[in-house]
Amino acid sequence: MVEIFIIPLVTAFLLAIFIRNKKVVWPLFLISNLYILLKLWTLFGKWEIEKTIYTNYELFGAKLSFTLSNNPLGWYFAFFSAVITLVISVFSLGFNQKTKENVAPIWMLIIFSNLGIFFAADWITFFMMWELMGWTSFFAITNGRDKALNEAKYYLVLSLLGASSMLIGIILLGALTGSFEIFASAYGLVQVFYSEKALSIAAIMLLLFAFFIKSAIFPFYMWPSKVYAVGPEDYITFMSSVMIKYGIYPIAMFIVPVVGSLDLPKILNTANWIQYFVGYLGAISAVLGTILAIFQTDMKKLFAYSSVANMGYILLGFASMNIVGFEGALFHAVNHMVLKAAIFLTLAAVIFRTGESEMHKLGGLVYRMPITFLTFLLGIIAAAGIPPLNGFGSKWMIIQALMSQKMIIFAIAMIFASTGAFMYLFRALASIFLGQLPDRFKDIKEVPLTMLIPMIIMMIGMLLIGVVPGVVMKPLTTALRAVGYNVNIASWTSLEGALKNSTIDLTLVFLIFLGGFVISAIMYILGNKSETVPQEDNYTGGEYPEEWGVNADRFNYSYSFYQPFKEMFEPLLEKISIDEFFASIGRNFEYMSATVQGLFRRGEGAVLLFSIGVLLLILGGWII
Amino acid sequence: MNSIVFLIVIPLIAAFLSLFLGKNDKILAYIVTLFNIIFSILILFSGKIPFNVAIGGWRAPYGINYAVTDLTIFFLVLVNVAALLALTSVREIMEYQFYSFYFVLLSSTNGIVLTGDLFNFFLFIELSTFAVAGLISYKRDRLSTGAALKYLILSSTASIFSLAAIGLIYKTLGTLNFADIANKVNNLNEASLSLILILYISSLLVELKIFPFNMWVVKAYEASKTSVNLFIHGMLGTAGIYGVLRILLMVFSKETGKLTLSGNLSSILMLFAFVTVIIGEIGALTEKNMKKILAFSSMAQLGIVLFGISLGSFDALKGVLYIVISNYLAKFVMFLTVNEFSKVSGSTNYLDMKGLGRRYPVLAISFTISALSLMGIPFFAGFWGKISIIGNAVFSGKLELIGAVLILIASVIEGVYYLRISHTFFSQGHEREGRISRVYCLLPMILALVILFIGINPDSFENIISILLDEIKSPEKYIKLILSLK
Amino acid sequence: MIEILRVFLFGFFAIFIGLFFMGIGRKIIARIQLRLGPPFYQAFLDVGKLFSRKSITHNFVMDLGMVMSLAGLVATMLFVPIAGHTAIKTSSNLIVIMYLMAIGYLGMAMAVAASGNPNATIGVSRALTMMLGYEVPFFTVMLGLIIINGTSSLELIANSQAGSILNWNMIKFPLGFIAAEIALQAMMGEKPFDAMIAPAEIASGPMVELSGKYLGLAFLTHAVSIFVETAIIVNLFMGGASNIFTFVLKQFEIYLITVIIEAVFPRFKIEQAVKFLWTVPMSIALLQLVLIVF
Amino acid sequence: MAQLFILSSISLLFIGLFGVLTRKNIVKILIALNIMETGINLLLVAFGYVENGIVPILTSNESIMNLTKMVDPVPQALVLTSIVIGLGTTAFSLALAIRYRYNHNSLSIRASEEEEGVNI
Amino acid sequence: MTSRWDVERFGIGPMATPRQADVLLVTGYVSLKTLKRIIRTYEQMPEPKWVLAFGSCTVNGGIYWDSYNTITNLAEYIPVDITVSGCMPRPEAVMDALQTLMKMIQSGEAGAYKKYKENYEYYKANQDRVLRKTYPILGEKLIQNEEAATSIE
């Protein structure tokens, strides 16, 4: 148990020493991740392992202690994030040959905090790891480049704000329940809830605030698009797949059990107000994330908003307060990890070869990077939640749960978001990989082997989870049982829904799809043979495009892809601009800063202010 | 243990000597400072603590006395070590004025910590004001003269107020001895006590850089040399904190171990405290000059300290001590780093220091560690202070809660500007001619490691702090010691 | 083995019925426009001709995509209960059906976008926008039926309407049926919701670069999608059927309605179409949903 | 009588404060500071003042009998010290003021306001 | 070809792109500008493909026989399977031509597209001869201008 915490630290130190030597850094990074994964593998089922460090430091009359325990739900998250991390670190081997900067030591620290967050058994440890993750990711995002500074600052502010709110929340929780242990405080909170209603709700809300910030839920949905657009691509892959789940895990671990055990009045006989609060935020994130993703021109921003939408789905699953929805949400967390990692790896590969992240400047890369294309294709099929791949099962479970709880608005929002997902996913596919290959990309090649292998692994992973959901569902249900939920251990192939007669067998779905494919392929083979023509040979109303100055670059339809749709939504989006709101706060602080500096720059007035201070003291302390 | 007076006397003698020694002043400074450190450490391990020294055989409360307790010796070591650390940043040859003022400052700060008499305390503060003003104006350029004059006028005004307070105390209680005042303070009526405290605190707050009293800070920091900044921060600031702790918590406290100021005084102080925090952090937000940034930041840190003190609970006080030590160490690291970097880059603008962190990662990492500690990030010393103060503030009342929230917001702002600077250090920069010797990287590194060590293992520091807290909790021991009561 | 045979049987049956409907649809439109119209077997001839021609492809994605598109639709079809039978025993989950259908559209979209013709991409972008338009009201209607039946199994919903015609959801929830009909019109891409094809404007949109067997596959896809969509409506609103002939007859009735509407309407612009779908059918569907749930 | 002392000392204090707050000329500010200081010294002395008191020196054994009539010596000691300090402050400030005049070409406290820019 | 004549009853319908088309109807006179587009369209059609030349103009230039920018015989440039004379031909004539073409296809007579492949050089030479006179309207010049503009920026 302790090794997996020591190893990242030691590795981070070594990486920092060898930082200039790329031949050492990334293999070391890889080996360390491999070790962590193997170690985590052996920890499965050994839920009783625990390590406590006692201190003399007193807070609220009790001595603090830091406990790391192998808790099942944490293991579930930690294990899958370790798998993803390992895959990404293989990718980094090849990816970082060109880059000047080196994010590895900081990244290793983040991996340390990653494990810490998932294995923390008390809030203080959790908070410490949480903060560690916050500032390290600032450095990882900027990675020594000035162009990333503003975005990273935005992230830093949000993450520090979240941590601050969490600190107050934890303190409230500790004072209310008398314990900083996560499980104990959950039980305690349920007991004191009715007597200390306002404080308990405040504690829950403060914690949720922090979690929502980290998972980019509605009012804080802006940071992924900013950060992903500028961060180093391989690290961004980690961030978008693993780090965005940090808000999800504690909600599953703490908020859901607590709210689930409370007996709150129900609105319209369906759910209580906390459920509706969480659900509405989730629904807004899902819908808004989708709409904004549709309008992006930068591919990393597009998938950033897609992440926001996916976080919305997960939150909707939690809001249903139904065991199927809960399982679905947790399942979706891992699914999203896998598919987002796959997608961002391909994006990183594209950027590695072309150096371009604006979609309308790309196109036709399928001619040069077929395997990357295939990974991306499977990734977007998974992200769209289409059956034989992995995004489907979890989305299906969440929708089932929402329908069984009669949460109609949420179900409609979910459908809106996942249909809208086709729009932006297809846009990315068409603009990056399909269409005409511009001349300047004529001689690029497929990425090297070290980058191909991870992509192929991700492809297999997506297909595997999609066809045999038990790969994830079995550990998940085992973990949930170990935590104390009354769930059946899932079978390898099928998923159980919340409604009547709604068990689906995903393997069967895959087989049926194969059947359809065979029929279709037969029709295809029956047809006469076809001839391949170059990409320039296209129907253009009989014109020669080159005569009109139209080259392959311009012959793509990819800039204002959904212009009519955008025109429908533009008036709405212009009015509500959270981004502008945050920016104005920032500006106001800067004005205030200038004023304060001016105050201190003045030659006179020192004694005046001194006298005012004394006057205030006399007024406040003596006269009143 | 009458030799405790050497701590004050020897620097004073050295101040005279330095007028004649010329270039050997530096050696003298090191010798005297080392003497002070060794002497105070010897006292620390002599096992005789606590003890009381009556000067000239006049027993307290009739004569002046120097008392050495756990709290005293802790701050004594801090002040003297600060002197040594600050001296290491003096590279060029200084004229005798510098060293002369330095010795006066050393002597007076030692005196502030040691003395057990209110008037004596005032005297040493006045002396240190001289010394600091002299040190600030040492450069003799436009900026430093203006800054020194500003500081001098402000502190003279403040000293007049404190003198009035001393008069009032003597008038009402008939004594100026700390222990005796503490003994008799219950005889005072609320109104007089409030007035006295108001007048006295307002002069102390000038040294503590609390908002409406701190107009001198930024200019003074900007105008003076790094070593002088460190003197102000490490010696004067630390001694000031000691004064506040001693006078507010042990001398003028009606109940033991509580900051039971009359009326709304503690609320007003708290208001001042968090206004200072906000002002300090906001002022630093868009500043480019590193020295000004550090000045604003130390203002804010002392605001947090005062906030913790005015909360009036021992848990918060523990947090205060953590903050004090974290700020003490971190500012040293930062000033030393900035000193080295500005020598290479030729400017104190942090944007000019681009890329230096890549060439001198040790310095830049040390800087980052200190910044994180100031922000109150876990794994660094400041966190233990922050969590304690915030934790106690949340439940104390509405004003305290607002203060806690404001302090958290301020720490976010602090994070923004400090990590931006760290980032600038690590970003791609251009080649420079100057070089920094590895030796100079060593000290910041060691101090940063200490911060890290305390942050990871608060136990190491917790024991010291619990001893200090024990003393603050029971001022009657102090009274007994000095008045030799049974 | 039997299962595989059933899969093939059902698949080809759907293709056959779909093409048959298409042929009859053309004939009906011709009759409405006072023409003679092609023979009802014209669709078979067309497909036969297309498969026998040489065809042009741009890259392997086109082949893959077209095969995928038909595969997706056929797979969807295998989930839809036809007169109480499915090819393989499943719970015929509605959500699965809706999502499986999407893979067909995705395959088609991918194939045509791979050709590199901007007209095709414009068509696809319109089709996807339209999809967002009709899926939402259609799902809202479905949601009502799912909630009232407590199941998302299409088979169970169909079975629940057994008995007299008065048990049909079409009679019980007329508003929902109307909304679903309008959504179906858009789902099939018939006028007035055919902005994505628009031959005069964007050269038949997605199909612009399809030739020979690719166009043939697209035809088949369309045929199967007609079959699937009408079958879903029949199961949802008309209580399925006891035997296959009644089922196909009911499907045909549904198809007839869409064809008649198509014959007499002009075309919406894409944003008009989406706005229309989100206002009229959506509010009808929501009204129905509110009536059902509360 | 003591009240008169206290009143006059407090009025001196406020006169001085007014001067410090309103004057822009540094020398005038320093003069005002000195007025304040005088005021405070007077205050201290007034605190220890005893009506018709005698010098607090034990000259003979009889004088012990008159302890209560003696003026309190401690405030006087304090005042002495504070006068010395005040002198020092004034001297040092004036020296700085000369330097200020030399640097800024002005004695106005506002002259240092325009200082900007960065130096080591 | 509208509902009055209803060619759809023979299974014939207009198609929006050459990729989907079997028969290319060249209706009316062919100017050089048009010829260029006709050739490209014809080459883009998948095999088997047929050409129906429509009206006198495509056969001998019709009333444009001496125009400087109109070709007189379409068959010199792309292989024509069947021609309909008349100026304009009646719809019945066109329908008759289409049906004749269908019969020809069934009997294997209509295989002009093979000729085009076999005698590609001949056709190409003919095309080049007349098309040399046409210049792209924007073409190279436009691209150069744009490049110049961007370089100035």
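Going in written order, the chains are labelled A, B, C, D and E, and every chain counts its residues from 1.
Basically, a contact is a pair of C-beta atoms (placed from the backbone, for glycine too) under 8 Å apart; a residue touches a chain by one contact, two chains touch by 3 or more.
Just so we're clear, the structure is a prediction, and the values are computed from it rather than from any experiment.
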| item | value |
| --- | --- |
| Given chain A and chain D, the chains that contact each of them | B |
| Touch-network distance, chain C to chain E, counted in steps | 1 |
| Chain E reached from chain B - shortest hop count over touching chains | 2 |
| Highest-count interface - the chain pair sharing the most C-beta contacts | A-C |
| Taking each chain's C-alpha mean as its centre, the one farthest from chain E | D |
| Central subunit by CA centre of mass proxy | A |
| Distance between chain centroids, defined by C-alpha means - chain B, chain C (Å) | 78 |
| Approximate Å spacing (C-alpha centroids) for the pair chain A, chain C | 35 |
| Chain A-chain B separation of Cα centroids, rounded to whole Å | 44 |
| Interchain centroid distance [CA atoms averaged], chain C/chain D, Å | 98 |
| Residues of chain B touching at least two other chains | 146, 150, 153, 157 |
| For chain A, residues that touch 2 or more chains besides their own | 531, 537, 539, 541, 601-603, 607, 611 |
| In chain C, residues with contacts to at least two other chains | 53-56, 203, 208-209, 212 |
| Touching pairs - complete list by chain label | A-B, A-C, A-D, A-E, B-D, C-E |
| Contact set on chain D toward chain B in their complex | 13, 16-17, 20, 26, 29-30, 33, 36-37, 40, 43-44, 47-48, 74-75, 78, 81-82, 85, 88-89, 92-93, 96-97, 99-100, 103-104, 109, 111-112, 115, 118-120 |
| Chain A contact footprint on chain B (complex, rising order) | 146, 150, 153-154, 157-158, 161, 191, 194-195, 197-199, 201-202, 205-206, 211-213, 215-219, 261-265, 267-268, 271-272, 279, 282-287, 292, 315, 318, 358, 361, 372, 375, 377-379, 383-384, 387-388, 390-391, 394-395, 404-405, 408-409, 411-413, 415-416, 419-420, 422-423, 426-428, 457-459, 462-463, 466 |
| Residues of chain C defined as touching chain A within the complex | 4, 7-8, 11-12, 50-61, 63, 66-79, 87-88, 90-91, 93, 95-96, 99-100, 102-103, 105-106, 109-110, 113-119, 121-122, 124-126, 128-129, 131-132, 135-136, 139-140, 143, 146-147, 149-153, 156, 203, 208-209, 212-214, 216-217, 220, 269-271, 274-275, 289, 293-294 |
| List of chain D residues in touch with chain A within their complex | 17, 20-21, 24, 109-113, 115-116 |
| In the complex with chain C, residue positions of chain A that touch it | 268, 364, 366-367, 370, 373, 377, 381, 384-388, 392, 396, 399-400, 403-404, 406, 408, 411-412, 415-416, 419-420, 422-423, 426-427, 429-430, 434-436, 497, 499-505, 508-509, 512-513, 515-517, 519-521, 523-524, 526-535, 537-539, 541, 552, 555-558, 561-562, 564-565, 567-568 |
